[in-house]
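Across the two complexes that follow, chain A remains constant while its partner is chain B and subsequently chain C.
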Partner chain A sequence: MSGYLEGVLVLLAVNVVFAYGGFLPLAAGQLNLGLAGFAAIGAYASAYLSNVFKLAPLLAIPLAGIVAGAVALVVAVPVLRTRGIYLALATFALGQIVQAIILNLEVVGGAAGYPVAAFIRLPTIAATAAIVVVLVWLLFATRFGIAVTAVHDDEGAADLMGIDVRGFQIAAFALGSAIAGVGGGLYAHHFSFIEAQYFNISLSITIVLYVLLGGTQTVIGPLLGAAVFTLLPELLRASANLRYVAFAAAVIVIMALRPEGLVTAGQLRRLLGFTRAEHAAAGLPTERTG
Partner chain B sequence: MLGSIYAMVAVALTLSIGVLRFLNFSIPGLFMIGGMTAWASLRSGMAWPLAIGVALVAGAFASLVVERFTWRWMRSAQHFVPLVSSMAFLLLFEHLAVIYWGSELRTLPALFASADWRIAGLVISLPQLAGLVCSIALIWVLTLVLARTRLGRGLRTIAEDSDTALLLGIDINRIVPVVFLISGLFAALSGVIFALNYRQVHPFMGEVVGLKGISAMIVGGLGNIWGSIAGGLIIGLVEVMSIGYLGADFVDIAVYGLLLLILFVRPTGLFAGALAGQRA
Partner chain C sequence: MSATDPILRLESVSKHFGGLRVIEDLTLAVRRGVRTALIGPNGAGKTTVFNLITGVFPVDAGRILLDGIDITDTPSRLRIGHGIARSFQNIRLMPHLSTLENVMVGQHCRNRGMRGVLQPVNLVPRNRWREAARAALADAALIQYERSTVGNLPYGVQKRIELVRALMAQPRVLLLDEPAAGLNPAETEALQAQLETSCAGGGVTVLVVEHDMHFVGALCEDVIVLDFGRKIAEGSPEDIRHNPLVQETYLGAPAAEPMERQNARGA
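Then we have the complex of A and B:
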């Protein structure tokens, strides 16, 4: 396998992991614009664990995910007091603070960046990404998935049905952040060098865009969104700036024409031939309107 | 001085939040368009009033394009969908500027070379003063328009409830572009003032200032114009003071820490809800 192809596939796997980090809170109706901050926590934590304590990357990365999740859990309680646009803004501020703090942390190199000694290759990263996807898929096959979907659709109704709305929101936020942390750890150990400037608001926005383009109604959506928008620019072999322009234009068009994303729940059911398809054919509502 | 630029960006943002409940992330991009266009027109040999005019028109036009593709289409979708599209517009504007103008830092010629006033040892540069006066005057005119005119009444009705406004016979599709026009003009003008004062522009200049503008808006209270101005000045002050007392490295921690604190304690900002008296 050529180095170029491996690089692209690694980026794809890392983006898929990031996308699921953004998917969990979005599935519960929260827009997390601080994902890059949690990815940065994961990246720096795993790099620190493997550099200083000589932990194997396979141990350091999950631990880094736990660290990112724990930080998210601590901040979730005050942050999730805000809602809607305020929540988006609070998470945005959070991401900026994390970045600013890391820039000033001399133990991890501050603004100069932080080299990572241990190195992992594509198979490990791809396997981790696959595990993340399967775990999220399994999670959404349980009561958790149903509850989170209910919270997303109508908080009030979910509350009346006896669902612990706040509990599930905090869980989705913390789990998503933990996954973003794992993604950061993977990134750090493959590219061998991390700097705080990489984990900026643009990264958070791009992650959120992957998820929303793929669609938040189904577990497959983020996978598709991240895959399409990582691979498509590579196939086009355009310059970096032209890629961003094309990406942004695609976002605008897709959001205008398909605000629920590329894959919606009703479509998927119809495609897979589940019984609900007949409802859809008969014009009965099967799709969520969000 | 930086505070008054933050304040103008914050006013542009707060207008679209207050009336449309739409956090318009493309405004930092419009700020950049204002600054970069001013630089490009000056370089091509235009007289400076003309260059400023061209920059404002470019900003306003870009803002109308944003309106066409965000709010108009997605009024009925989830609340963050237009937000996401406006973020895409920010990316689009920035990278188009890189392709068209290159990513280097560009410097502007000093227009008012000898225009410093010295009053009792205090140096006041004329463009800074003009910028400050200009922005306060414009903001004052804007509040008058909102309070007194038919247009302002329509906008305030939309802010209260856009469906009711439609029922009352307000032509939303005609009046909403005005909001974008005004916020585009404000963003572009603050970009021009920034460019003329600091004499440096580049395609990503909007991000830093724009993000601080968002913070200023939150500090002042979403949808409140005078609150935004106060917020802009507060953020500018916190920035200067944290440079003075803590060192330049801690500016972002101080500014965003303050922002987070305010969101926790008073999520609606320090001076909430005067434009429309709405809840968020």
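Then we have the complex of A and C:
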């Protein structure tokens, strides 16, 4: 496999992981603009654990995810008191704080960046991404998925149905941050060098874009969004300098044509449910008029 | 009206919004297993009573008792676990969930804790909870909509789905806020049939806010009339129909005591 292709696929797999980190809070109706901060925590934690404690990447990366998730759990309590635009601003500030702390943390190189000794290749990264996708899919096939969507759709009614709105918001925020941390760990161990500047607001916004454009209502949406928006700029490489213009234009067109994302829940149900619905209808008593 | 064995009691409940006294020293009792209607003109405070019973707003004064247990300070989220479920005046189904998933939201209060939340309802084809929700939809003749996104369904169908969702909580007291509003006669009839089947056997006590007096007369055995946040009458639908005070409230006062009503409004 060419180095270029492997590079693109690694980026794709890491972006897919990041996208699910953004998907969880968005599925619960929260915009987390501090994802890059949690990715940075994961990247630095994983690098530190493998550099200093000589942990294997396959152990260091999940632990890094847990560290990022634990930090998210602690900050979630004050941060998730805000809502809407204020939540977006609070999480944005959170990302900035993480970046500023790392820049001043000499033990991990500060502004000079941090080299990472242990190296992982595409198969490990792709397998981890696949595991993340499957785990999120499994999670959303449980009552958790229904409850999170209920919180997203109508907090008040969800509360009256006995759903712990705040609990699910905190869980989605912390789990998403843990996944972003895993993505950061994957990135660190493949590119062998991390610096705080990489984990900036533009990374957070790009992750959120993957999810919004792919669709927040289904588990497949973030996968599709990350795939389309990692590969599209590469396909547009032929147009050289104009590729980011073309990319931005594509983003706007998709947002205009499919404001709820490329895949929506209703659409997916129609696609998947057709045969099964007919099946079900066959064994039923005749419909009462009403 | 015999006051024996009320399942739900409000004792001297008051609620003010700023200077507006929406509920004023309201005492009422809903008898166990008796389908009861809460009626009154617009702005009488009927929906506010529901919001106080379900804990959407805290009361300013008074107590709310469910089966003798004081739930006045119980958080809204936990009240459904005590057996109070409701529907909403403006449908509040979850628009991004399917009909079946919306009905499964109603089971949430019976699935607390990690194990409950991680029930694989959309994974295992014959999941017990999923099948229970499907059976409830089938009983309500709504199974053909199980996979539909609820936002696209007709209004009357959505109202009936909301009723199924509330019943999935297996409530002891079911609060229905204008269940027949906006329904055509055929839909109203279907709803009434559904309510009668669901509540047969007296397991569920129904308290319904409704303007459609035919619906109230056909469904309910007790009627409580509110006006300006106070109870002005109670009794059987027949009694209420002939109650002069109720007639005055609904049809306008000829001359009797206009000042008192004025005071109640201004207070």
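Structural remarks
Here is the rule we use: the second predicted complex is superposed on the first by the 265 of 290 C-alpha atoms of A that agree within 3 Å, B and C clash if a C-alpha of one lies under 4 Å from a C-alpha of the other, contacts with A are read in each partner's own complex, and residues count from 1 in each chain.
Methods note: a residue touches a chain if its C-beta (ideal position, glycine included) is under 8 Å from a C-beta of that chain, and two chains touch if they have at least 3 such contacts.
The structure displayed is predicted, hence computed values, not measured ones.
When the shared chain is aligned, chain B comes close enough to touch A:104, but chain C does not. Judged by the touch definition given at the top, the superposed model places A:205 against chain B, while chain C stays out of reach. With both structures placed on the common chain, the touch criterion links A:255 to chain B but leaves chain C unconnected. Once chain A of one complex is fitted onto chain A of the other, the partner contacts of A:265 are limited to chain C, with no touch recorded for chain B. Of the two partner chains, chain C is the only one touched by A:144; chain B is not. When the two structures are aligned on the shared chain, A:54 is found in touch with neither chain B nor chain C. Counting contacts as defined above, chain A residues 290 meet chain B in one complex and chain C in the other.
Of all residues in chain A, those touching chain B in their complex are 31, 78-79, 81-82, 84-86, 88-90, 92-94, 96-97, 99-101, 103-104, 201-202, 205, 208-209, 212, 239, 241-242, 244-245, 247-249, 251-252, 255-256, 259-260, 290.
The part of chain C that touches chain A in the complex is made up of residues 54-56, 76-81, 86, 88, 92, 94-98, 101, 104-106, 108-109, 111-112, 116-123, 129, 138, 141, 143-144, 146-149, 151-152, 156, 160, 165, 169, 186-187, 189-191, 193. Residue ranges of chain A in contact with chain C, taken from their complex: 138, 140-147, 149-150, 152-154, 156-165, 217, 265-266, 269, 273, 276-277, 280-281, 284-285, 287-290. Against chain A, the residues of chain B that register as touching in their complex are 17, 21, 23, 69-70, 73-74, 77-85, 87-89, 91-92, 94-96, 98-99, 207, 211, 214-215, 218, 222, 249-253, 256-257, 259-260, 263-264, 267, 280.
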